[in-house]
Amino acid sequence: MLQNGEQYSKSLQKLRPNIYKWGELIKDVTTNPSTSLHVQSVALSYDAAFDEEQADVFTHESHFSDQTAHRWNTLMKSPEDVTGNIRMKRAQFRKTGTCQGATCTGWTILNALWAVTHEVDAALNTPYHSRLEKYLRFVEDNALVLAGAISDAKGNRALKPSQQDNKDSNLHISKVVPGGIIVRGYKSQICGVAAVHEIICVPGNGYGESEKHFAVAFAIPRDVEGLTIVETRRPSDTRDEEEGWDSPKAGAITQAYLLFDDVFVPEDRIFLQGEYSYAGKFIEYFTALYRAAIGACVAGQGDILIGSAINMARANGLPRKIFQDKLNQMAINNEITFGLGLGAVLLGRRHASGVWLPDSLLAHVNKTQVARLPYETKILAQDISGGIAETGCFPSYKDFQSPEYGQDLIDALAAGTDGETRARAARLVEWLTIGGGVPGCMHGGGSPDGAKLVVKALEPWEEYATCARKIAGINKELPDPVVKK
Amino acid sequence: MLQNGEQYSKSLQKLRPNIYKWGELIKDVTTNPSTSLHVQSVALSYDAAFDEEQADVFTHESHFSDQTAHRWNTLMKSPEDVTGNIRMKRAQFRKTGTCQGATCTGWTILNALWAVTHEVDAALNTPYHSRLEKYLRFVEDNALVLAGAISDAKGNRALKPSQQDNKDSNLHISKVVPGGIIVRGYKSQICGVAAVHEIICVPGNGYGESEKHFAVAFAIPRDVEGLTIVETRRPSDTRDEEEGWDSPKAGAITQAYLLFDDVFVPEDRIFLQGEYSYAGKFIEYFTALYRAAIGACVAGQGDILIGSAINMARANGLPRKIFQDKLNQMAINNEITFGLGLGAVLLGRRHASGVWLPDSLLAHVNKTQVARLPYETKILAQDISGGIAETGCFPSYKDFQSPEYGQDLIDALAAGTDGETRARAARLVEWLTIGGGVPGCMHGGGSPDGAKLVVKALEPWEEYATCARKIAGINKELPDPVVKK
Amino acid sequence: MLQNGEQYSKSLQKLRPNIYKWGELIKDVTTNPSTSLHVQSVALSYDAAFDEEQADVFTHESHFSDQTAHRWNTLMKSPEDVTGNIRMKRAQFRKTGTCQGATCTGWTILNALWAVTHEVDAALNTPYHSRLEKYLRFVEDNALVLAGAISDAKGNRALKPSQQDNKDSNLHISKVVPGGIIVRGYKSQICGVAAVHEIICVPGNGYGESEKHFAVAFAIPRDVEGLTIVETRRPSDTRDEEEGWDSPKAGAITQAYLLFDDVFVPEDRIFLQGEYSYAGKFIEYFTALYRAAIGACVAGQGDILIGSAINMARANGLPRKIFQDKLNQMAINNEITFGLGLGAVLLGRRHASGVWLPDSLLAHVNKTQVARLPYETKILAQDISGGIAETGCFPSYKDFQSPEYGQDLIDALAAGTDGETRARAARLVEWLTIGGGVPGCMHGGGSPDGAKLVVKALEPWEEYATCARKIAGINKELPDPVVKK
Amino acid sequence: MLQNGEQYSKSLQKLRPNIYKWGELIKDVTTNPSTSLHVQSVALSYDAAFDEEQADVFTHESHFSDQTAHRWNTLMKSPEDVTGNIRMKRAQFRKTGTCQGATCTGWTILNALWAVTHEVDAALNTPYHSRLEKYLRFVEDNALVLAGAISDAKGNRALKPSQQDNKDSNLHISKVVPGGIIVRGYKSQICGVAAVHEIICVPGNGYGESEKHFAVAFAIPRDVEGLTIVETRRPSDTRDEEEGWDSPKAGAITQAYLLFDDVFVPEDRIFLQGEYSYAGKFIEYFTALYRAAIGACVAGQGDILIGSAINMARANGLPRKIFQDKLNQMAINNEITFGLGLGAVLLGRRHASGVWLPDSLLAHVNKTQVARLPYETKILAQDISGGIAETGCFPSYKDFQSPEYGQDLIDALAAGTDGETRARAARLVEWLTIGGGVPGCMHGGGSPDGAKLVVKALEPWEEYATCARKIAGINKELPDPVVKK
């Protein structure tokens, strides 16, 4: 059932306040300046369902009925469905210039769990898949948005969860109780929490038997008892709380730390409970889906980087064509991560449960590029834009309002266009390249080094060596040498 | 109707000798050392049709019957069909380490012409599409291989064909005669001619009305009267004519100059004759198909580069894992061009004529990467392999046979393996990176600068600028400044 | 005469307040949080004169006596002297992690003017060189620091200064009066002004005769009548005004807009007054000196990036060696810009006036690398450091102080070390890569595109073409083709 | 005493023939097509001593008298002297487009040995330094050229020399006899041997006591009894033996395998004999000198790549300016390796023995760039030049001579210039980028991985970490974590 942005916003106001920033409780996420921009951004995605031009991108046919649902409430069962996700991501970034956690990770988790629970149930006769179906119907019927909580706080990177001094470093089942479980621990850097109704928690890694208490997947309302949420502090984020043009205020990333202090989860919302050997499966399916799409996010932001660089050139008094080579390179970078994700989709396969799983190898190759190409794109945007945009190096909005020298500043900023326009254009470049609009391309959705481990695991190295041996006319085996100590 | 490699080779021997190299006529392309390696490589592709493991890749259902045909004799009507082409290319490179012109460009031309002739006929009531269908049936029934001749000699790059001092710089219709046309001029750098039965000639560029004589497409037997073919000289190609291991002799590129001296083409083999406004269409469709697949070629060669680097490491006495980071980077490069082509396929569309046309933008973005990433892959292969492989810097096969010092050389070359094996492994790296096995990644299938022009033409720059304006809160238009002179 | 940091700070307090930020007048630059960090950073450079280990780097023999002076008060007359500048820059960045405008541009301007005034006087019999000498003695005797004001606000980039609608877009002589000149207009993005005693203004470009009023060089006290200074707003700069560890508070860049409203400059402080043809000379000498040294700044920041990445790895629980390849690459980037500047010094020449001028070509090549390599270094620092450092994505200092959940956050942050240490280490990476510590490498000291124009102008392209012709055995001339229209 | 090119050539003819290629003895290196081009290239360097414009670059004052000597016969005692080496290398490449082994490595070895023998003698009271001085006087008096033999054949890279199955894998002292030593074993890939009078052999690595027999340095005449030399086979090297323009024939690399079969070396030509702990010192001094200069070689070849790309553009009918951005990038690459070497020189120090030793860190950083930047330069040359130059993809010289179709080929090649000129220009690009003119930038003078080990050893990592800790406000130690097993 579709909802519009206003309905969505109102529904958030009904939740119990349990989110903090700057040491203070946020009473209303829809008006608090630390969270309202993200809520507004999500509201735009809701409204898109009722916009003729955008409805195709932001909605899809329900998987349980023939009704239209918000796309992020539907399963992805075909290459076209995953492509729909990819297109929506790029479109969403074009609207707001940055991330929208609330319609992203949680949705992908649901799809990956759809496949995993299907496998667990088949193997172990567990009831997870039907629980998940019920939960999905609830989500769709209420047109909800979900955050997805994967990353644990982790603690010492050289140790397993069970080896940590502080067990809470990773979210885990602390007790099994009648009708459910008690969970506790920390999830960190969770996107979009402030703008969602529900949070879906999953294992942050593949696990062995000793780690079985950490192999847990479940959904909770955002305002569940026992959960404290602390928003993170990002570059220049205080500007969002100010008047004026020092931040664009079109979109905003939010990320949060989730502190679970013995939270009760009822049975019908538990989708994994100790089946540790499926934690790795979940990671595999999730990352294939997530990393096939992640290149569309950075492509969408790249589109805005192109646009903002063109605007700055013009604001400086220069036509676009002077920078065409650089703009081309920016576009090429965008299309590589976008197109490579689509390639992963085409090479994918339909899982027995019905969902479409992109090719893992190409999806992880894409992650390595997402951790590299957007940086070049940003550098080019700064290169084109000139010094004032590079580090936002010009006076604050407040100074422009000074009765003594404000007009002088406006005059000093004027170039190919008036001073205010140029200031706004420059602040956008700053925000996109060195400010609050920068998404975490490097480690978001996992590190590039992790992706390279997958590449290493999936490439058939010995087959390549054998092909090369044949071509070289070498008829003997050529194994790895045994190095004498 | 399928043929095997031997049947194919025999059929080539029936053609009139009209190919030259080193100033001399090649009597039999299947035995002459300048051409036999390419013929053998193509023969392997024919034989693959009868190999259980490879048949899927190298054959496909006919488009005119329910019979199985060589894949390169079939139309590509779906994403799966184009993916089949892409997979075949990578597989073919893994077999021979390099290009196979005979099953490549001609096939792609047929598909692009299928769409173009459909459009021309619909608009101008011409008979080209049905002629092409008849020709395709002939090709399939006889299991032929075709070269595709696109690039004209061009002459002065700053002038149009009709402005050249020498009209023969570009192939053109010199006279219309009863039952056909007379063509003359030069096509240059045409791949695989020595190993084909037929050559299909098409316009090398989009044309305006003044260039209508150059807008011609037709098929001819390779040994047609009036056609002289001169093979080109490539790096270290004389080694293919020698005994020993100084070249791998597993595959070989051939490229040729075609000199048309008033060649007659009968009507039923003419597919464009002066419809200049469709020359550009042809280029558009051809490049979309060709550049979606071209990344699979370099991926396939990249696979062999990985394999050959692993072999060299071992031949030097070192295990693979020491170089894992570099090998990962090589694999990532391969998968980018491979996967980006697949992305272009997925974003494509079915043409009214039935063939599937990949997305032009992504296909051309892929071309820009094909002109860049394989170079890094080669550098890494040299980096891993060590000095002797880098420029093939060790004595010739003949020296290894010397009764006086040959054994000393073998001993001097020995390292992690015996000297001969190491020499063979090193010569393969040389051949792949700085020798006869290097395909023309930079300009093959068109230049990267040309691809960038397409990127420039297809990206919605102004839309990006408008999105960025909205996000920046700029409400006024921001057009290109008019520069005062 | 040497001064220590305290003496220096006190001397600043005597100046008339004429600097604004956030719309308010800064009463005392040594205590105001927007400016005090830069003052403290400069104070460290003063104190270094009295530190045995650092004195060599931060002082030098006077050029007018045999006394020891602060290095930034001395002329650079030999390769060793310029190397001393280069070493001081790297050392200064290692202390504070970022820029120190007050001991940088002004000093370099003095050296470039030393050469230019020598030439102007010789040609036009002007008295500038002796005025400059007198001024230099004053600067040295009082151990002053100078800001250098080059960049004009510029206005429309497609127009010359005299063509601008608003003449004030570029600083210019508005009137010649008895005993001096009246100047007005805007200088923008001027580094370190808040921490200096004097400002030296010079032309921002080469000029022709129509631009003679813009060809002016002079020195003024920072607090001269008629000058209003507005500090710029940089990423996350409000954190410097907060308690806690959300910014490192070790150093800080300041940059400002200078608004000259009919400022009087007395004759003895004027060093160019309309000699427009020497404006270009000044730019040439200045950029050669400045860009030979600029690579040392980014190398020094790169050293800190290496250090901060190592600290983050350890704070995450991982040893340095895991990241050795990436650390090597960071170090290589640092040494390239550092070493290339030294190369420019060695290839330089002694100007007739006595100062040493580095080679322009290598200095500008260095600028192109300064606009590129530090970005890779920063990316690698983020890559090594993990997600929390990438965008500073964890809660604010204030949240860590919360009695309700502060301890939980500290526990959640703990990894290879305690939570506070890890938070501090992460905030440093954020500050260096996406926060207030990022210097303007791209356009600081001029744009990379401008540097490329110099490369284009100085490379002997035709000589290269001739050498290649000879080697190719081409005996005829091969000029640029005349393209027919 | 200076000699001219003719005198030099004649002197080579007096040597005993002991060089082989293609399994056959080379009777006269000055006329045999496998070696004559390198001899001619060296002859040009001799002749340069008598050319007014070049004498400054190719000669220098003797270190033993006030006479003028060939530069490669003099010690390098100052930054200017090493800069002279660097300039000569770039000039030499501009003449011939490629390497000149005979005036390169041997000279650098002499300088490194000058320092090492000074140290050994001081420590162990050996007579090496005075022997070396005597030898140097002999070399200078006779205006000789020397090859430098460093790289051993090595055998299994995972084992030390003494652990190899075949001890001859590394050159070693097999017996000490009255008046000298007997040496045997293999040196590989030794540059320029065919064009020299003498060969100076040195340890290929640092050694411990178990390897003392491999720690040997000495000089021998090229034609000494017991030495067999086999020239290596490089890409397309057979073209040097042909008539016509298929290779430029302006310069040529030669590299050889040296097979020592119990060669006697008299005492006065021995400069190290078992002092194993100085082998590492030798490598350190040699690589500092060699790698400071190596960037000038690739810069010189890069100059020719620029020139040849300009020529190709024009031969294609296009003006230079179309490719200015790419040409700029090529020039920047050249100047980086050139300038970084100069930076290493400036940061160097004078050794107690009198020779100037460049800074090791910057020299090795330069090596890493020499293994990377020239590859980009070559790619750009191919990019600009178009398809026929990329892989030399056009017919052979012999085909152009065909009475039947030769004229057609010449016509087909014509573009912005006549066909022959364009063919010559294209063959030069092929030769420089994928042919016999490609020097071994990757591993020549040692591998980039080896250089990175030096970077790792010389950077003060812990100092960086400490600086960063201070800036971050972390007051506790932050050592590498001890990883629990």
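Letters A, B, C and D mark the chains as written, and numbering starts fresh at 1 in each.
The rule is short, and it goes like this: a contact is a pair of C-beta atoms (placed from the backbone, for glycine too) under 8 Å apart; a residue touches a chain by one contact, two chains touch by 3 or more.
Because the structure is a prediction, the values reported are computed rather than measured.
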Quiz item: More C-beta pairs touching across which pair, B-C or A-C?
Solution: A-C
Practice problem: Quick one: point me to the chain whose Cα centre is farthest from that of chain A. | Solution: D
Exercise. Quick one: report the Å distance separating chain A from chain B, using the average Cα coordinate of each chain.
Key: 39
Quiz item: Taking each chain's centre as its mean C-alpha position, how far apart are chain B and chain C in Å?
Solution: 52
Quiz prompt | For chain A paired with chain C, centre-to-centre distance based on mean C-alpha positions, whole Å | solution = 38
Quiz item: Residues of chain A that touch two or more other chains: which are they?
Solution: 156, 158-159, 317-318, 325, 416, 481, 483
Practice problem: Would you tell me which residues of chain D are touching chain A in their complex? | Solution: 156, 158-159, 163, 325, 481, 483-484
Quiz prompt | Of all residues in chain A, those that touch chain B in their complex | solution = 79, 83, 94-97, 245, 248-251, 303-304, 306-308, 310-311, 314-315, 317-321, 324-325, 327-328, 331-332, 335-336, 338-347, 361-362, 365-366, 368-369, 416-417, 421, 424-425, 427-428, 452, 455-456, 459, 461, 463-474, 476, 478-481, 483
Quiz item: Okay, in this complex, where on chain D does chain B touch?
Solution: 20-23, 151, 153-159, 166, 168-169, 186, 188-189, 228, 230-236, 238, 246, 255, 257, 259, 261, 316-318, 371-372, 375, 379, 382-383, 386-388, 390-396, 398-399, 401-402, 404-406, 408-409, 411-416, 430, 434-435, 438-440, 442-444, 447-449
